Every structure is written in C-alpha cells, then in structure tokens.
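Below is the structure I would like to discuss, written out as structure tokens.
So that you can tell them apart, the chains are marked A, B, C and D in the order they are listed, and the count of residues begins at 1 in each.
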Amino acid sequence: MSAPTRAEQDAATEVIGYAWAINHALAEEMRRDDRVWMMGQDVGRMGGVFGVTRGLLDEFGSDRVRDTTINETFIVGGAAGAAMTGTIPVVELQFADFLLIAGDEIFHKLAKWRYVHGGNLTLPVVVRLPTGVLGGAGAEHSASLEAMAMHTPGLKVALPATPSDAKGLLKAAIRDPNPVLFFEHKGLYRTKGPVPVSDEHVVPFGQAAVRRTGDALTIVATGLMVGRSLEAAERLAADGIEAEVIDPRTLVPLDMDTIVASVERTARALVVHEAVRTAGAGAEIAAQIQERAFFSLDAPVWRLGAIDTPLPQDPELEQLCIPSAAEIEAAARELVRI
Amino acid sequence: MSAPTRAEQDAATEVIGYAWAINHALAEEMRRDDRVWMMGQDVGRMGGVFGVTRGLLDEFGSDRVRDTTINETFIVGGAAGAAMTGTIPVVELQFADFLLIAGDEIFHKLAKWRYVHGGNLTLPVVVRLPTGVLGGAGAEHSASLEAMAMHTPGLKVALPATPSDAKGLLKAAIRDPNPVLFFEHKGLYRTKGPVPVSDEHVVPFGQAAVRRTGDALTIVATGLMVGRSLEAAERLAADGIEAEVIDPRTLVPLDMDTIVASVERTARALVVHEAVRTAGAGAEIAAQIQERAFFSLDAPVWRLGAIDTPLPQDPELEQLCIPSAAEIEAAARELVRI
Amino acid sequence: MAEPALATDLYRLVALVRAVELRLQQHITEHGFGGFWHPGIGQEGVQVGAATALRPDDYLFYAHRGLGYAVAKGMELTAILGDLFGRVTGSTGGKGGGTAHFVDPSIGVLGQGGTLGSNFTLGAGAAISARMLGTDQVVAVFFGDGAAARGTFHEAALQASVWKLPVVWICENNGWALSAPITEQSPTENIADRAVAYGVPGVVVDGQDALAVHAATAEAIERARAGGGPTLIEAKTLRIRGHYEGDRQQYRTDLTDGVEIPRDPIDLLRRVVPADVADELDDRARAEVEEAFEATLAAPRADAGIVFEDVWA
Amino acid sequence: MAEPALATDLYRLVALVRAVELRLQQHITEHGFGGFWHPGIGQEGVQVGAATALRPDDYLFYAHRGLGYAVAKGMELTAILGDLFGRVTGSTGGKGGGTAHFVDPSIGVLGQGGTLGSNFTLGAGAAISARMLGTDQVVAVFFGDGAAARGTFHEAALQASVWKLPVVWICENNGWALSAPITEQSPTENIADRAVAYGVPGVVVDGQDALAVHAATAEAIERARAGGGPTLIEAKTLRIRGHYEGDRQQYRTDLTDGVEIPRDPIDLLRRVVPADVADELDDRARAEVEEAFEATLAAPRADAGIVFEDVWA
C-alpha cells in the first residue's frame, strides 16, 4: 500500500473537539517555527483550566510553555515586548473578560506600537481568550468583548465557531505578523467536528463562511450563535422559510462583501451575537449593510444580542440573557413578514 | 434695589469657559453635599493638568481633594470601594485613554457590582475623563473610547459639548446614584459660553439637545463634532440646505426618540463622532435609526468618524484622522443628493 | 494560655464552617453543582481567626476559597447557601449560583472580586470612606498567595501606606495558586516579606492556629483603628482539596488525600477547649447546617424577571 | 580614580545631551513647540551613565524625561530631533511630533510607554525573547519615581525575579511626579528599598555622578547577563525645570531657578576630565547640535498620506 499523496493528506480530516483542534494548531505551529512560544496561568503543568494546552509542556519544555503567576498585565505586556524582539508569543488569558485587566497592554501597546513607531516595530502576538457564557462563571468571567477590539484599529479579531475553523484560524493568527485577539468560545470547547489533519490547514482571515444558503433572509451570526442560528434555520425551513446563515469568522478584517452580496439577494438581514446588543459588533455590521445595500432592503436590518445587563452568576439565568435558537427563529419569522 | 428672585437667579447666566463650568459644578456639589470628594493625579496642589480643579484643594482641604500617585487602578477601584460605603467620589483620570488601565475597575466593578450583588450595593462614582484630540498628545493620550462604555450595561455616559452642559451634566452625574463616565473634551476646555449661575442648573441625562433645526437632513453629533457640524450646517444653509443638528449629550441613556422624530421629518441622517468610525457609538445610533425609521428614510444612514488607525503624535497629522467641518459638509451635500 | 471564652467561640465557628464544607462536599459528590465551588476546608483557622477580630461594623472583602470569612463575620448560613444554590433566600436574592458573591452591607460583608486582586483597591477605598465619614471602621482584605501578584496590591498598598489608611491585608498562603506552587510565584520565602516595600509591618502567622491568627489580626486592627496604617499578615496554611471541587490535581506534587488535614485547626483548638464542650458544638454545628441545607434546597429559585433587575439604582 | 577614557566618553555624551537640552529650551522659548517637551536637563548624569553601560545589542526602554537615554545608546541626533519636530528625517518617519516616541531597533532602542509603567512588562518580555533566542542581551528599563507606583512594576518584577530575567530597572528619582513630591509617593525613604519584596538587589546611587551610575549599572548588567536576574537601581537626581517646558510649577516648594543645577553632572565629570579636553568637547557638542537642528528644521514634514501607513505589518 503506497503512502498517501500530499493532496490526499491535505484532504484527510479527523473528527475532533474544538479544544483539541486548538491544541493541534498550537503544537503544529510550535513544531514548525521555534520562535513560537506560550505563556499564561496554568497553561503548562495543568494544561490549561479548559484543558486546551494539555501535553504541550511535555513536548516543548518550560522555556516555550511558561506558567505565569496571576499577572495579566505581564502576560500581555511581556508578550508585546517579546514580539518586538523576534519571538512569536501565543498567550492565554484565562477568561476573555481579563483583557480589561490588561487593557493598556492590549488596546494601547499591541494595537498601536507599530503605528506610533512608524513601522519600525512588529508585534506578532496572539492572545487566546476563552469567551462567552458557560455554566455560571459569572459577570466577570463570561462577557463577550470582541466589539471593543473591533473598535480599536491595529488589532485583528477572530471568533471561530467550528473545530475546523478553530484550528485553521489559530494557525493563520500565529502566522500573522499582526496582533490577533483570538476569542475561543468556552461553550464550544467540547463540540466535535471534522478537522483537516494537514498542518497546512490555514483559514485565511477576512473570508466569511456561508454555513447555509437560503433566499428568505440573511442571518449573520458569530461564535456560539452560529449553531443556534443554524438550528433556527432548520425550524424555519420546515415552514419553507430558507434562511442563509453567514459566519464572518473574523471581525477584523470583516468580509462585508459576502454579507452584502447575500442581502442583495435576500433583501432582509438579521445580525446575531452573544455580546450585549447595544454598541456590539452587530451595530457595525447592520450599519454597513444598510449603507451598502439600502436600496435592496425590503425591511430594516435587525439585531439580536445579549440584554442590557451584566450576566448573572446562575447557570440557568445567564442563558436568559443571550439569544436562544427560539428567539432567533421568532425574530426571523417576524422579519420576513415585514 | 431689591434682591433677585429665585426665578431671576435661576435664569441668570454668566459667560465662562467649559473647564471653569466643570470647576463650578464640582465646587457647588461639594458645598451642597459633604459626602462628595475627589481624587486623581495632580488634582489638588496643581489644580489638574488642565487646570479644571484649581482652587478646590484650598476650599475643601486635602481630605476631600486628594492627590494620588500614579495608580489608575487605585483611583477607580478606590472610588468603587468608597462609593459602596457611603461617600460620593468624583475621580479624574488624567486622560480618557487611561480608563483601559483601570479597565477591570471600570467595566467589571463599577458597571457590575450592584447587579452581581442583587442591588445590595450602590456605586455613585463619577469618573472624569479628559478625552479626544488636542495638540499632539499622541496615540495613548487622545483616543475617544465612549463606545466601550456604551457597550457595557451599568455605566452611564455623558459627553458635554458646551460649557452649560458641562456644568449641568456634571451636576446630574454627581447626583446620580449610578456610576457615570464623564467625557470632557480637551479641545473644548477653553471654549466659552453662557452658563446658568444657579447651583440648581442640572441637565438631566437622556435628553438630546436640538442645536439647530432644519429639514434637509439630520446630523447627530457628539462632543467636539457638535461645533464642527454646526459650522458645516451654516455653510450648507448658504446653499439652502437646512440641516438639523442634534447633540445626544448622553449616550447612556440615549434619547433616540428625539433623533428618530427628526429623521422621520428629514428622511436623511448623518451620524458624526470623533471616535473611530468602525464599531463606534455611531454604528449603534445608525442601526437604531434604520430599525425605527426605516420606511421614512430616503437614503441610507451615513456615519463619519476617525479613520481606522491609531492617532499620530503630530498636532497637524492627528487632525487629518478625525472629521473636519469640511468633511461633514461634503458628506451632507452628497447625502441629500441621494 | 488563651482566654477560654474566645477559644470556645472560635471553635464554634470553625466547627460550623467545617460542617458546611463537609456537607457541601457531600452534596456535590452526590448531586453535582451548578458552577464552581472552591473548597476552603482546612483553612477555617485563618478565616475564622481573622474575621472574628473585626467589629460588626468593620468591613470585609473575602476571597473565593470557601465561606468561612462570611460565616465568621456573622452572615446567616441560609443567606450564603441561598447564593450558592441560586435561591431567593440568598443574599443576592437569587442572582447567585455556583461561585458565590454573597454580600451583607449591614455587617460589612462587601464581596470579592471575580477578578482576583480587585479587593485591594476596593478595600483601600472603603477605608477612605471610613476616614472621611469620621468613623473608626477598619477594612479587612483577604486574598491568596496567587492574588498577591496582582499589580493592584502594589498600587493600593503604596497609597494606603502613604495615607495611613485603616486596612489589614490577610494573605491565606495555602501553597498553591491553582496549579502554581508558591515557589514559582514568590521570589522571597514569605509573602509578608513584601511589607518592607510599603513601609508597613509584615507578620507571618500559623494559619492552622485560629487563636494565633486572631491575635495577630487583632493587633493589626488596633493599630489601623488608631491611625497607625495598614499591616500585611501572611497566614501559612495548606490547600487540602482541588482548586475547585472536582479538580483532579494531576499537577500537584504534594498531593494530600483531600481528607486528612495536617495540624487541623479543629485539633489545635481542642487543646484548649474542653472535649465535652467541643463535642456539643460539633453536634450543634451539624444540626444547624442540616437545617440550613434543607431550608435552602426547599427554597424557590428566583423567577426569570430577576435578570432585568438591579442594573440601575 | 575612574578610567580616564570612560570619563571622557561620558563627558562627551553628557555635554552633547546638555547642548541639545539647552538648544531645545531656547527654541521653545523663541518659537514654541507642537506638543509637550519634558526637559531632562540636569538628569544627564543618570541617563548617560546608565545607557553607556549597555552593549549596542542590549535593549533599552527609555522614560519621557528628555532624550539622553537614546543619545547615549547611539541614536543619531537628527533621528531624534526629526521625531520631536515631526520631520521625515525622524526615526518614525514623520509620525512623531512633540513628546517623542523615537525608536531604533538596530541598536535596541525600543520606545517608551505613553502610559507610564508599560515599560516594565515590555522590558521583561524583551528579556524573555533574549533568553529564548539564546542571546545574552540585557534589557534596561528607565522610569521615574512616579511611574514606580504602577502595578505593572509589581507584576513584572515578581515574574522577572522568579524567572531570573536579564533586566535592569533604573529609577530616575528626581523628587517629583508632576506636582507630587516623592514624600507623598513613597512610604519608604528609597524606591530601591522595594527590591526586598522581589528578592533582587536594590542599589541607591548618586544620579548626578555619571561615573557612579555607570559603575552601578555595569555591575547590574553583568549580573543579569550571567543569569543572576534583575537589579533595581535608584539614581537620586533633581528635576531642574517644570514637568514640561512651560509648566509654571506653582505647586513646587523646592523651586529651583530652572538654570542653576546643584552638583551638575558636568562639573562632577570635569573633576576627572582635563579642562582643555572638556572645553573642546563642549564646542564640538554645540556645533553638532547646531548642525542637527539646522538639518532638522530644513527637513520636510511627512505628507498627509502617512497617517494611513503602518497600521498593519
């Protein structure tokens, strides 16, 4: 039996979890380029509080997989300094909410220092951010903050919704010479799906994925909401309402062309995210849709997002604050009736 | 000659600068309620790097006007702790950009701790934030970050554009039992205008000001952009294009009713702010306008904001990054032609 | 030889906290738990010893390691358990659930930072209030050896020392910050050694000995109340179980069996508390806990509308 | 008695930096200035003494107080002035203007935090890189007595000490943080006293004495290079003028006339450098500065398009 060809290899996939896909991306990139290294709390000896970095300390050693103390400003600021001087840090903040603890380091240093210094510095840093609602982690451990990064020029922003994208986008992020905030949804870590085994499975930033085609309306959804939107779309299909579901995958850069082209066909758009609705990424997407496709629209662009409250600690109550598949379905039904 | 009646007193105004109006509000509120106190870097002995707090140390003493060291997390976190325990801190961060240094304290503590604790805690804190572009302060001293606060339920957000509002909104902020981020534009500190002398001049949050009436289009502008929009409106008027200019004054709460009512008459809307256009407050306002007034609109809602870059240090270059009166005028001319 | 009344009182509380810890452990093994529970079993000596040195009107910011702090400060078990189990009887009226954020301003229990290290600045701020309002209240801030690394400690400690604010910092050094051993977190042998940088007294005390912790804290509180400024107390203790209940602790080198408690604070107190008295307090503790558990599990959960409440004052 | 070649070299640089400081002062008085200039006059001894102890490939994060750090590390005057005056000849190609963010990675000049205290974490990160890439580069981090209060110092210092990173922290204690006197910022007499908390050597040195600063820094660098970990150096100096050029300093109690420099680093060096040599170096410095100024003011400003450049790599 002959060895598989490169093409066969690239085509080959395995069904693994989202967390494991991230783990593979990290291991493959660290094997490929020994300038790549990691730090964060409990990423080494423990393999991460969500188990994402398991095994990496054993393979790469404590120089390249560094357990830090509880020092978020150091984790990000240190990464910035290390990136400016020739290495490629991939750091983890234990919860995405903590990017506000390292706010100066993320929004002022990573985002601005190349520009401020006339292009003389390069900051290839990936900040891994376990994000979103899961199991009652509470108001300071559950927020979706990607809109803050989207509002800050100089930061790229990825929100993988599938295991395959988790691997492919992270590899793209690590290979990107720019700082990337990589939002991994805690609620997706255990979801399984086919992932290309190839260590050249790189998903380019700025290319939305059309998860489902349809002509009745366009649903633009990110992260956890991609699955809930597809669920809603299936229920709608039962009544002959075919929704197109688009997952931008990265917010910076943002593939508006794919979204606008879809809306020009469907004439209706619903933007859905887990983040607070007010001033969320959906506001930007909705504003751009009506700017670019105004005369194709038969109805206003609608948005669904978290209610205007912090997130309660309780695992059941927190779910009441973010869009459910049923709410997405209901909104879509109403929107197509306009 | 008899003493002025209360009504006469309330009606009386004096022409003073924006910075001085803020100073008056602080002094009046500290006289009215001795639970009100201040802290920040250089606010006492120096009277603030922008001279806003001059004289307050002498009048109120070093217990109520506290010079801190360089410790933004303490300034805001300390204010949160002091507010929870019966006093009303009005703290200053020397530049609005520094709210990202105290990100955890502002976005997680001030915004969430009442909710998280079931209403058992109250956090009447005002964070004064000198904001915006002025004289080449550079990328880490010039940003407009109000959209981040708008995206964070639990924080109120004010952006006074006139001396009168600077005084009236700050007094409302200090009397509000909720945390308020008070964005004072550095470029407006020296602008003069009539300010009611009454120490009951309180401008309620959530009431937009119609700065100019018109029927050709509605311009929604905040902070420094209010003046530039009025300038543009005058030039447009020369050609018979009458723009209505609305200043929301507070983003949280946001007076959409006034904006929507205006757009329903003008059928066109242009939203202008100094903050980065992408995912700025303008995206939310534009999204809401088309949600609520879609069938009244003759053209898409347009937005003007800073370009997608950090701000350069150079005093001339930085101006190229934010909307000018000429750009607002040009956008308006194009918009009314659609 | 310690004042017997005090020893008995500390024993009563340590036994009560221990009983809750064990009961929670049992509940979680049998029924699981919504959210995370960070067991404080074995650390009751620090929490009770220190919190009981406070006056009812003194302020307390607790840490996430158990619930001894709040119990010792005087909160009702049902209020605490209500938060842990997301019941309306909880101090947050049902907003709690899992990792608790119980609160009771009437006795100065003001919360804990979900983000570790927030307590430092919040605590210093509460101390400013006390001074401004002319009271002589003191603020106790609990934190772990891991949280001690946060920059907020540095910023709050420098300012609190310069202003001589009435704060007492109590570090529960249990040897671990999740998977990180203290040796990787601290370049010095003691966290208390850091007091020098802030010009405040640094005290190392045996965290298993509730009476010793109480004495050290009482002294620091007295100094703070008198205007002498902050004190940094480090209580040496040990994390007996996983970081959270269920943590398999594969990272752990000094693995305890999770049951046996070296130099158990209960045993140390029993040296001074008569056996019959202690036995009776144990029984009462178990009974109290059973009652509180039943009441809590029988209590209703908050209805959905609560998620919209209490954003604004 | 110091090695004469070194003393002469330090004198050359101190004289050069002094000449730029005076020339800038004159320019600002005559023509004003876009943005803020934080004069470092009088502090050249610290900046030159320390920076000259670094190897060309060592890294440097400077503070905002003047430009002696960068000059001493080897940056061209025209590159620095180009940034100050917003000319294409500046190291940032015209993006600068006012408070400078000059940079030259080829000789390890990596910038300064617009937000004070960023240097601490950035510097520690550069030190990690050096170790990972197997070089023996050392990182020097300059900061003021005020910036020392930032929590980033605590977080970076603890981690750098535990990991024995090759970092040297150089605190320019000039007695003031804008309007705040050191007595209100530090509960201890010396900032260097804080080294104890981090288990690293703390050194106090006379900042007016360039040779003493050089020696102390050289020793710390050697230790860091050899794997001995960080050192905290505090150089005592004095802010001669306002926080920024134009600051009226009404808050100031120890007001200097802004001209006379107590224990001027120039005078101290002249004790070991022959007068004729020093005089000639002064002349050369003035000439060099004049030339650089003319070249800079004659250089074009960047065209508008630059604002769109260099956001992305």
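Here is the rule we go by: a contact is a pair of C-beta atoms (placed from the backbone, for glycine too) under 8 Å apart; a residue touches a chain by one contact, two chains touch by 3 or more.
Please read all numbers here as calculations on a predicted model, not as lab measurements.
Think of each touching pair as a link: the shortest run of links from chain C to chain D has 1 of them. Connectivity without chain A: the remaining chains stay one piece (groups of touching chains, all others kept in their positions). Relative to the C-alpha centre of chain A, the farthest chain centre belongs to D. Between the CA-based centres of chain B and chain C the separation comes to 41 Å, rounded to the whole angstrom.
Mean C-alpha positions place chain B and chain D at a centre distance of 37 Å. Computed from the mean C-alpha positions, the centre of chain A lies at a distance of 32 Å from the centre of chain B.
Residue positions 69, 71, 73, 97-98, 101, 104, 108, 115-116, 138-140, 153-154, 307-310, 312-313 of chain A each touch two or more of the other chains.
Among the residues of chain C, those touching two or more other chains are numbered 92, 94-96, 101, 113-115, 149-152, 155, 158-159, 162, 184-185, 311. Listed in rising order, the residues of chain C touching chain A in the complex are 34-36, 86, 92, 94-101, 113-117, 146-147, 149-151, 177-180, 184-185, 250-251, 301-302, 304, 306-308, 311. Of all residues in chain A, only 35, 37, 63-64, 66, 68-69, 71-74, 76-87, 89, 104-105, 108-109, 113-124, 153-154, 177-178 touch chain D in the complex they form.
Taken in their complex, chain C has these residues touching chain B: 59, 90-96, 101, 103-105, 110-111, 113-115, 118, 120-133, 151-152, 155-156, 158-159, 162-163, 309-313. Chain A meets chain B in the complex at residues 97-104, 106-108, 111-112, 115-116, 138-140, 147-148, 150-154, 275-276, 278-284, 286-287, 290-292, 294, 297, 299-303, 307-310, 312-313.
On the chain D side of its complex with chain C, the touching residues are 149-155, 158-159, 161-162, 184-188, 193-194, 196-200.
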